[in-house]
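Look at the two complexes coming up: subunit A is in both, with subunit B in one and subunit C in the other.
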Partner chain A sequence: MNGSLNANHLLFLGQGALWTVGLSLIALIGGGAVGFLVALCRVSGVRAVRVASSAYVQLIQGTPLLVIMFLTFFGLPPLGFSVSPLAAAGASLTIYVGAYLGEIWRGAIQSVPRPQWEAAEGLALSRTQRMAKVILPQAVRIATPPTVGFMVQIVKNTSLASVVGFVELARAGQIINNSLFEPFLIYAIVAVVYFALCFPLSRLSQRLERRGARGRTTLMPA
Partner chain B sequence: MLNQATGTPPDPVVTLRDVHKSFGPLKVLEGVSFEVPRGTVTAIIGRSGSGKSTALRCIDRFETIDRGEIRVCGHRVDAPGLDLRRLRQDVGIVFQSYNLFPHLTIEQNITLAPTAVKGMPRAEARALAAEVLAQVGLGDKLQAYPEQLSGGQQQRAAIARSLAMRPKVMLFDEVTSALDPELTGEVLKVIEVLAASGMTMVMVTHEMGFARGIADEVVFMHRGRVHERGPAAMLEAPTTPELRQFVGSGL
Partner chain C sequence: MALTLDFSAVLERWPSFLDGALLTLELAGIATVVGGALGGVAAIGRRSRHAALRRLCEVYVEAIRNTPLLVQIFLVYFGLASLGFKFSAVTVAALALTINVGAYTTEIVRAGLDAIPRGQIEAAEGLALSRAQIYRHVVLLPAIERVYPALTSQFVLLMLASSVTSQISAEELTAVANYIQSDTYRAFETYIVVALVYVALSFLMRAGFWTLGLVLFPRRRRLGTPL
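Moving on to the complex of A and B:
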């Protein structure tokens, strides 16, 4: 029952950490794809599309990720869809991250100065061409620091996947603690690993922001 | 090209007839009419808030009008079925704030529209970029980014970018207002050369001396109306007190 922390425990935690990274990547890629679509829909010329995408964002931002996890993992099977913990966690994070990234990126698209749109329009570029060649390349620059910053949130939020039985870092820590009863030690290790994953991201975000602040002055005076 | 059924003479490139435009409760244009014959330069002058920039922007449909009629190169600009992209291939517009695309080199700024809109082959577009840049005296700046150029150079590059679309009429919206006086001259010179080449142009400007020197016709706007209109010489002998006061304060 008891015993002390050994290499096997650490290996198990390492495995959990890998799943945390994996789940973060799934959330980033899936949420990024959804978020990109949401951002485009939010600035669409069609009112119904704007309203629908805005409703999606409002709905998800007003719902705890934990509840979305419960809904997909426990709510869907009775309706006839069986969902693995990985699928439930991945889908929930995708839905959740998509709403937030969509909002961040909408802001970035809209903060490209209005005259840039007009200059592109004046040159007879189509709406798609304006977006692809003029607006998005500039929006990407603006969006990069907050997007990297949000990745920190993604990494930490993957810990909620433990509630659907997915063994990532937090859940791995719980499992080990159940056998060792060394909560302070084990959760401290877990915390340090999370920090080691997140700290480089937030530093990167800060650096990008400083660099962006210098580059921003090159955007035109309005 | 022009709709002969309406009997419009083919001569004016731009025609505004009784154009009205409000922003909410604010009436900006209250019955503006003028026309711009082919190969001529029209300068629109007037105080801030007189509606001159709005009138210019209506020509390229950056503002939609409430009432009246605008014809540009055979397009009915006020018609709901207007093909905006066709209109904007015929009309070049240059803005006060240059609005070069900061993420592209000067060459890419210029080749973007010809390749994307007209499907021009890349090599041809690059030759065209070199040509129009030489025309504005920036032949050596092809690979520069906008931020590396002075304001005057950026504005000249913006003019070159418009010229690369081979427009039938060029609109200039206070293109020197954001520039230091010493940089204004180099931009005005480019516009002068363009006028001499026979380009049809409409410009909103605060440079009275320049308007007098270059314009075939001056349109003085006051409170949303064309208050006085005539050859540039009318600036020397204004007949209405409003224009006299405006010219007096401007010089």
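Moving on to the complex of A and C:
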């Protein structure tokens, strides 16, 4: 009953890889939206908003993504909500990524030099204008390298969607392995595909970081 | 359908949760100590004079950091089995977590080593310190002190990541939760409780590392400022 690895298997893995990319994009977009909101809340002028967003971040960053996945996929149906594997994985990743990106972006916003805030205030810009026109454009430049670096984490974390039965790359590997019983070969292929997805992002992040460091030394006020 | 939450059936199982949490801490502890040491050695290797050694350490770091822990665990678990080695799931889990956190530690410690100014080493040489003394007092300890916060967050992340080892049925906290929820049909309550236990464990670990930092780095304790 043991077959050997053939083109169909590779095609199945390829499909899984596409879903890994798709799920990563869902997580990036959903998590990015949540993260942006969290970052703004974390630097809000209202204390209650700051405390609430901080609690969210602390709670999510103290919980494994795997448990969040199980909570949405197995925890919600008994309460009367039916969830598909894709919805559970997408929602869990959004919640998870939102907390981490929120922290990264809060750091970026807060590392825009203080005089920039004061100068914007001195020019009588409103709080919204100050954020949108002075702080955020500079924060985006600071945030880009760590955000690209975090995308590597997102791609890797989508592998946990396999535990709720969503057929992405890791799950595709498991399914093929169940029929071929060649775990070493198959998981090695799966690992290589993940590497091919992640390594370019890692390198890009490093390069951006070096370039950013060079740019900032000339920009920094004395 | 009305929302009805009932935690009593789940909380009754607290001894199982406790066992799971202890195994989680144990896995995290082993991986932190052994993986931390491995990372320290590999970080020194990445700055070696020998190009082959540098390359080897780099390949290790990049291979681990760019693939998911889940796949690494499967590779170690099934790979060792297909080579004829029989290890328990917990042993494999500890091994995979150690290899994993070693790579992240390497990068963090290397950043710390790179941040030591050349002049400090020259000054130490001028004071006639031996090579071992220089490495210990001027290079390694200050480097680790500088990256200590990053290092400890990585170790907390490792503790959370150890939940993935439930997939090869190492009976840590998440595996215990999976068992309890299938037994009580109280999935939501079970995972809420487990999530809170993880949050508590992360706070515990952070507090522990903070205290350890005061003991390890007396300069920080005296001056109250980070390096």
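Convention: the second predicted complex is superposed on the first by the 219 of 222 C-alpha atoms of A that agree within 3 Å, B and C clash if a C-alpha of one lies under 4 Å from a C-alpha of the other, contacts with A are read in each partner's own complex, and residues count from 1 in each chain.
Please note the rule applied: contacts are C-beta pairs under 8 Å (C-beta built on N, C-alpha and C of every residue); 3 or more make two chains touch, one makes a residue touch a chain.
Nothing here was measured: the structure is a model prediction, and the numbers come from that model.
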Subunit A as common anchor, with subunit B and subunit C clashing or fitting: fit
Which superposed partner A:F12 touches (first subunit B, second subunit C, both, neither): neither
First (subunit B), second (subunit C), both or neither touched by A:Q129: first
Three-chain overlay, vertex subunit A: subunit B-subunit C angle, C-alpha, nearest 10 degrees: 100
Partner chain(s) touched by A:F36 [first = subunit B, second = subunit C, both, neither]: neither
Which superposed partner A:R141 touches (first subunit B, second subunit C, both, neither): first
Which partner, subunit B or subunit C, touches more subunit A residues: C
Smallest separation of CA atoms, subunit C relative to subunit B, angstrom: 19
Touch list for subunit A against partner subunit C, complex: 58-59, 61-68, 70-71, 74-80, 152, 156-157, 159-160, 162-163, 170, 173-174, 177, 183-184, 187-188, 190-191, 194-195, 198-199, 202
In the complex with subunit A, residue positions of subunit C that touch it: 1, 3, 62-63, 65-72, 74-75, 78-79, 81-82, 160-161, 163-164, 166-167, 174, 177-178, 181, 185-188, 190-192, 194-195, 198-203
Parts of subunit A lying in touch with subunit B, wherever the complex brings them together: 115-116, 118-126, 129, 133-134, 137-138, 141, 218-222
Parts of subunit B lying in touch with subunit A, wherever the complex brings them together: 60, 62, 84-86, 88-89, 91-93, 95, 97-103, 112-113, 116-117, 145-147, 158, 161-162, 165, 178
